[in-house]
Amino acid sequence: MTAAVLYEILQLAGILAFAISGALVGVRRGLDILGVIVVGSFTGVGGGILRDMLLGVHPPVSFTHWPNLAVAVAGSLAVFFVHPGITRIRYFEVVFDAFGLGLFTANGAAIAFASGQTPLTAILVGTITAIGGGVIRDVLVNTVPGVLTRELYAVSAILGAGIAVGVVALGGSETLATVIGGACAIVLRLASRKLGWHLPKPRMRETPATGA
Amino acid sequence: MTAAVLYEILQLAGILAFAISGALVGVRRGLDILGVIVVGSFTGVGGGILRDMLLGVHPPVSFTHWPNLAVAVAGSLAVFFVHPGITRIRYFEVVFDAFGLGLFTANGAAIAFASGQTPLTAILVGTITAIGGGVIRDVLVNTVPGVLTRELYAVSAILGAGIAVGVVALGGSETLATVIGGACAIVLRLASRKLGWHLPKPRMRETPATGA
Amino acid sequence: MTAAVLYEILQLAGILAFAISGALVGVRRGLDILGVIVVGSFTGVGGGILRDMLLGVHPPVSFTHWPNLAVAVAGSLAVFFVHPGITRIRYFEVVFDAFGLGLFTANGAAIAFASGQTPLTAILVGTITAIGGGVIRDVLVNTVPGVLTRELYAVSAILGAGIAVGVVALGGSETLATVIGGACAIVLRLASRKLGWHLPKPRMRETPATGA
């Protein structure tokens, strides 16, 4: 298997993971088959479209490279017909979302850095690509996006993007960077959920001092 | 009447229809006059702005071609002063939304295909232009977008875009493609609502098997 | 202090004001420290990123000019640690939001007009830049955006943008336009809230006439 094929597979795997997470949310919300396909597909390719709009790639790759949309639609359809029962569906949403997050953040950062952007810009591009699909999914179904509420969500994305940039800076290929950075992000995200790691929350004074 | 004038009228008719649907939602939600204008205008020109961002047209046509915004604002103002009572307003929202959907999907797809994009890309551009305005409207007023819940909504958009591409491929003008594709989309959308056509919904097992 | 430095300070002040308003919403909603940073930062730099996407600036300035993001993150962090009690927090949200609104609308319009856009396009660019950050903040935390519900919100933005364009048209610098247009927008917005100025709301007939 050549590097190019492996690379394409990694990209499609990220799209598939996000599409599945989106379709699962659609199924849980009781959408019809096309609603499930729409939310699944937008979740799968939405982050990449946002990235292309930010970087000035017109039209976005997912509009012209048909496998991206095909994989997203196929994943959504599969979820419509085969999915876990209501009590388990949220768990699978989180797991597939974590895989999409990790693959997209590392891949986006590696591409951007390899194409000559600074490390800061590359990490931002990767993080926004990864978070974008999930935000589109959550805004569509009218929920507060997971990036604001899930354990170590943005931290995992930033970490994965940073590691991917580091791998490319040390001479690794974009494929290697995607694998290593993605794996770190996925592990951190799922471990933080499993172990209930939280970042500190603000201390709210319910009875503020006079005139505060 | 020359072809160019007819073409401009079709584009403005789509903007007007979407603006009216948005303004009706604003009125139903009890927004003030400027809130009604904002949600109406964003709904009217939002899909086209999204299309221009995706295709790399800077700044978007609606920012430089003043009739677009003028029509959207005028339609919103008209709705503010003259609108049906609360029990009928949802019906008019749906009808004007269907006209905007049909005109935008067919017109967007015809333009994109005539400008050299592949049929797949052209259909995607048309569909997203058409769905975009409605999604902006529904997200602004904090509802789950109609594309996820309304009967045959995305199906109508995709069908209209596909027919428009077919008309252009057979040698028809973009105006003809907009009329035929748009009419098909509007008829299918309104018929599906009238007749209660639904796509299948997922079967949820409320009491999943052990370990499922 | 040179004009360029003053100009940069004005831009960063707008980002800081919006970031603080976003972070305050995040604190009120009980997000953890990173959630507060994410919503604060997106609010601070989101409007400018949207403007750059509309105008075709790739990648957006905030991705490459690090002080923008640094100021947004610093402001969010400061709010996380030091913020008013629950009964006063909404008041501060509104005040900082007004400062962000005024600075962004005047500055965006002045830049666009000085770069050769028509007055209409310049006012639209300024208004959308100013409103964009607040819409992103409110959509993220799942509320109807303030632009649709707050007193004279869009009016203040349009007025500030128009005055800024006028100042540049009369030969003033972009810095002067930002200061004068921004001050007018801030004063109008805060006065309208203080004095409870409202635009008229639609008259809804709860019991519509037969067949209406």
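Chains: A, B and C, in written order; residue numbering restarts at 1 for each.
As a convention for this text, a residue touches a chain if its C-beta (ideal position, glycine included) is under 8 Å from a C-beta of that chain, and two chains touch if they have at least 3 such contacts.
Just so we're on the same page, UniProt names per chain: A, B, C = TRIC cation channel family protein.
Keep in mind that this is a model prediction, so the values were computed, not measured.
Enquirer: Considering only which chains touch which, label the overall pattern as line, ring, star, complete or other.
Expert: Looks like everything touches everything, fully connected.
Enquirer: Would you mind reporting the rotation angle for the C-alpha fit of chain B onto chain C, rounded to the nearest 5 degrees?
Expert: Angle of rotation between the two copies: 120 degrees.
Enquirer: Note whether the interface between chain A and chain C is symmetric in residue numbering, meaning over half of all numbers used appear on both sides, and answer same or different.
Expert: Homomeric contact, different residues on each side for the most part.
Enquirer: Mind checking the centre-to-centre distance between chain A and chain C? Centres are C-alpha means, answer in whole Å.
Expert: The answer is 28 Å.
Enquirer: Residues of chain C touching 2+ other chains?
Expert: 53, 56, 139, 142
Enquirer: Across the complex, what residues on chain A touch chain B?
Expert: 26-39, 49, 53, 56, 58-60, 63-64, 66, 69, 80, 83-88, 139-142
Enquirer: Can you list the chain A residues touching chain C in their complex?
Expert: 53-56, 117-118, 120-121, 124-125, 135, 139, 142-145, 147-149, 152-155, 198-202, 204-209, 212
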